[in-house]
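Below are two complexes that have chain A in common, paired first with chain B and then with chain C.
Take a look at the complex of A and B:
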């Protein structure tokens, strides 16, 4: 799908402007609607200590997942690839749930750190197992990811079955992407890792474009497919691990957001990657705002809301594509 | 009030971790209390502090007055914003049901918390006394703790006479069903297990490894409990338990009708413990 530069630029600008408005409305909405023009000390407090860190984490997480999804779908040439198909989420969930259910919370950050270690360890295991005699082949890497993912999920289910205890509910919430307890603490590390991953991916954007055309074509264009794939995989793992450790497992965004973005602006990685960040971040931010507002004071997990509002749009887009 | 320099300074102070500086020294008794667990709500009301409660969870259903209080969300995921908006002097929570992360987060927000740490039956009176001290209600807390201690003494003393008569030294074998399908029962380290022991019952799931194990029906049949206790759930437990009871209908407990449907008094470490102990005692003495 080729589009001229000016229309892509217009769509991108419109998306960014819409995102900015949506984010501002999201920040204001919650159990109590905040009026940004009348800032008393209580509003300041709610805004600075609760709303803003939640919004920032939602933006970062959603953005990281959107970009990882775009990268992985490209390097695997598979529209079903998402940050979680490689078992990364299962690894993070298992490690974090151990922390939550067996009370391994020596200090505040132990659960996020456990999740990060779980995610990175799983990513490394997938690369080692997915490395055949011909190097990193997409099919082999995918199958290794799916296999490890299933194994880790089974272990997680086992742990959950034998422990019907207090940590369980928190663990379930964590697995459905719960942002209700996030604060500023996690942001600097998360931001650094995600920017690192995104930066690495953007430097490899030409490689990503080449890989989507097939290994042979990439090779003839002067890229080493194996090396490009490894670097891009590291970038995606880094972003996914950082996202999972900040607010738990949020599905859907990594799978669907890149498709929606590509549908509007074409498939050039230079445009798709940044716009997936914007769209993914905005979607999770809105989802979190809805989750804390509609049933207040009950908190509905942001991951669940994101899938509930995003899926119908995605299905609508699929229908549109058929008629064209 | 418009956001002025003082307001901004306050926000900044808040951000850089101002939290417990104001709590040094003897704090005055809190006037605005939020409870994050049904048992805590019951204790606070029975200490006569119901008027001071400004917020409870969506599952705090006792006493009736608690239902009309402002809700701040669930036990595992209360809304921080809803808590902050109620401007509490103290948030009372339990280590058995409220995640630790909540108390840490509240402390960082500069909100005082009291965590009730008693998880076993004999520890409850001390926990209630400690809570009474924090909430400035020492005398009623002493009375409530005394009532629970008396209830424990009463069943223990009635047991002393009984155990000498039984030759296996332990009395009837019993199973406390929390949920019939899938079968979840009261295991070791729980108030229910403690109460059963004190009433002279032997919990056949006492070796269950976790507090509320998923138990196998075969193990129930093999261990032949003399008495089946079924706790109260949200739905009609009599209907729910039909299938389970049918699958173990070869046991004496079912044949002789020693099935006891109980209230939820022993589920909560609070003022209804004496009622629960008496109920358990009655069930234990079923013919």
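Take a look at the complex of A and C:
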């Protein structure tokens, strides 16, 4: 048992060290490669005004999506669950797209705030619909999320077909996970919400492990499954809403990262939650760095790159499940 | 000393009463079986005992207190419940699962993880994924978790279902060891009359009513079993053959251990 713990600690330390190196390289990468040893005024300006806020937002978003995926896969006992399965992204996309396409820009944070309101409102609707006579049941929650998600996506498509051209392009970019517009203004609120959600999830880490074994065994271990599921759902919704409102819809991180982490360090939520934050943040950081570098001056949305990296692994996982 | 006691317990899922005035008890260190046809109420009785369902009338005592008066943690220290179907997809390793038994404890669990794994014979499988275990081994891993949990009453819903006769007998021996060495009370539902005949005591239920209870010899009579299961033929031949197999396995097992 001790040997098991020490190997987990070593893997976690190696992942953190590798992530730090990758983040530093990502900060330096872009249309103009920055030399961290020559900090002239232009380099400093680029670093402070563009690279650092983008990197920070990418880390926060990716981390939030990774942790949300780990939570939702646990409470739904479904390895293919991800933060967007609950329709939260559809609600955020619809609200943000309204803002972008109809020019609702009273102040600079109006789109993120609209997205956050859309995400939280959708999350609340999913909880209300997912609440059956036996409380908050995973199957009902999933079906409610999928149903509401389809409905909101249909409304979004309808709105997009009647919108003006300029707003439409911005909305499509936003929905692909576009970090090109981020700045420091987004960070405080996003950081607060994500830390709040992560903190709540970490206090319920044992409940998350127990729920993964099913409600009856969670009850036998002394937990109230309905209450634990509600707290964890709130934590995942807060983090997903904050993530989507900062930089749009980024796919696959929430689905793939928890699987990769579990494969290396086991499935105990005490380890999986923090390491999913590290791995998810790092993956989105890399995706954003690649997106702004490979086709410069054209910027490819980080969400598209993350999905291009994530999709093959997802297909590989499906293949593995088939062979089992 | 009684550790589980039902007194005049009535329960219904809908408007129609399913269980009426059910009373029985399980003593400390006793291995008690619950038998009856499908739909007789075996799982309902176990869920009531675990606190997963609440009776409309009557009282269910675990130790000195009614099950409903315990907090979640306190209840988990008194009683553990394992459903019939254990999740094949649970992504944990054996060690991670068994360690979850420490959750309701305050640093003073009945057995350490290592001790529990040794008792169930999985000491070499700490880092093995649950999905890689056989059905019998998986069941034993979950039982190890309940031993770490330190529960005084272990409720098992058809633990022998879908196990071959060797694993059935291994599990029976493990439960006998736990009952004898740790003074845990085991209350389990089962269908196999031959295995039922080897337990300390049996309860026979039908339509939510207790038909008979006592030592297996007095409960598993031709008349009672035929009446409970609506059989037209004698079960004598079936029981004789089943008992012979169990006795043979018991002898073989004892010889292996010597």
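What we mean here is this: the second predicted complex is superposed on the first by the 308 of 324 C-alpha atoms of A that agree within 3 Å, B and C clash if a C-alpha of one lies under 4 Å from a C-alpha of the other, contacts with A are read in each partner's own complex, and residues count from 1 in each chain.
Rule of thumb we're sticking to: contacts are C-beta pairs under 8 Å (C-beta built on N, C-alpha and C of every residue); 3 or more make two chains touch, one makes a residue touch a chain.
All figures in this text were calculated on a predicted structure; none of them were measured in a lab.
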- Based on the superposed arrangement, let me know which partner A:140 touches: chain B (first), chain C (second), both, or neither? neither
- Query: Between chain B (first) and chain C (second), which does A:40 come into contact with in this model arrangement: first, second, both, or neither?
  - Reply: first
- Task: Quick one: name whichever of chain B and chain C touches more residues of chain A.
- Result: B
- Once the shared chain is lined up, is A:131 touching chain B (first), chain C (second), both, or neither of them? neither
- Task: Name the contact category of A:31: first (chain B only), second (chain C only), both, or neither.
- Result: first
- Query: In the complex of these two chains, what residues of chain A are touching chain C?
  - Reply: 1, 4, 77, 79, 206, 209-210, 212-214, 216-217, 219-224, 262, 266-268
- Message: Touching residues of chain C toward chain A in the complex: what are they?
- Response: 47, 50-52, 71-77, 79-83, 87, 89-93, 95-97, 99-101, 103-104, 113-114, 126-127, 142, 146, 149
- For the chain B and chain A complex, residues of the former touching the latter: 1-3, 7-8, 10-11, 14-15, 58, 71-82, 84-85, 87, 96-97, 99-102, 104-105, 108-109, 184, 209-214
- In the complex with chain B, residue positions of chain A that touch it: 30-32, 38-42, 44-46, 48-51, 100, 103, 105, 108, 111, 161-167, 169-170, 173, 178, 180-181, 183-184, 292, 296-299
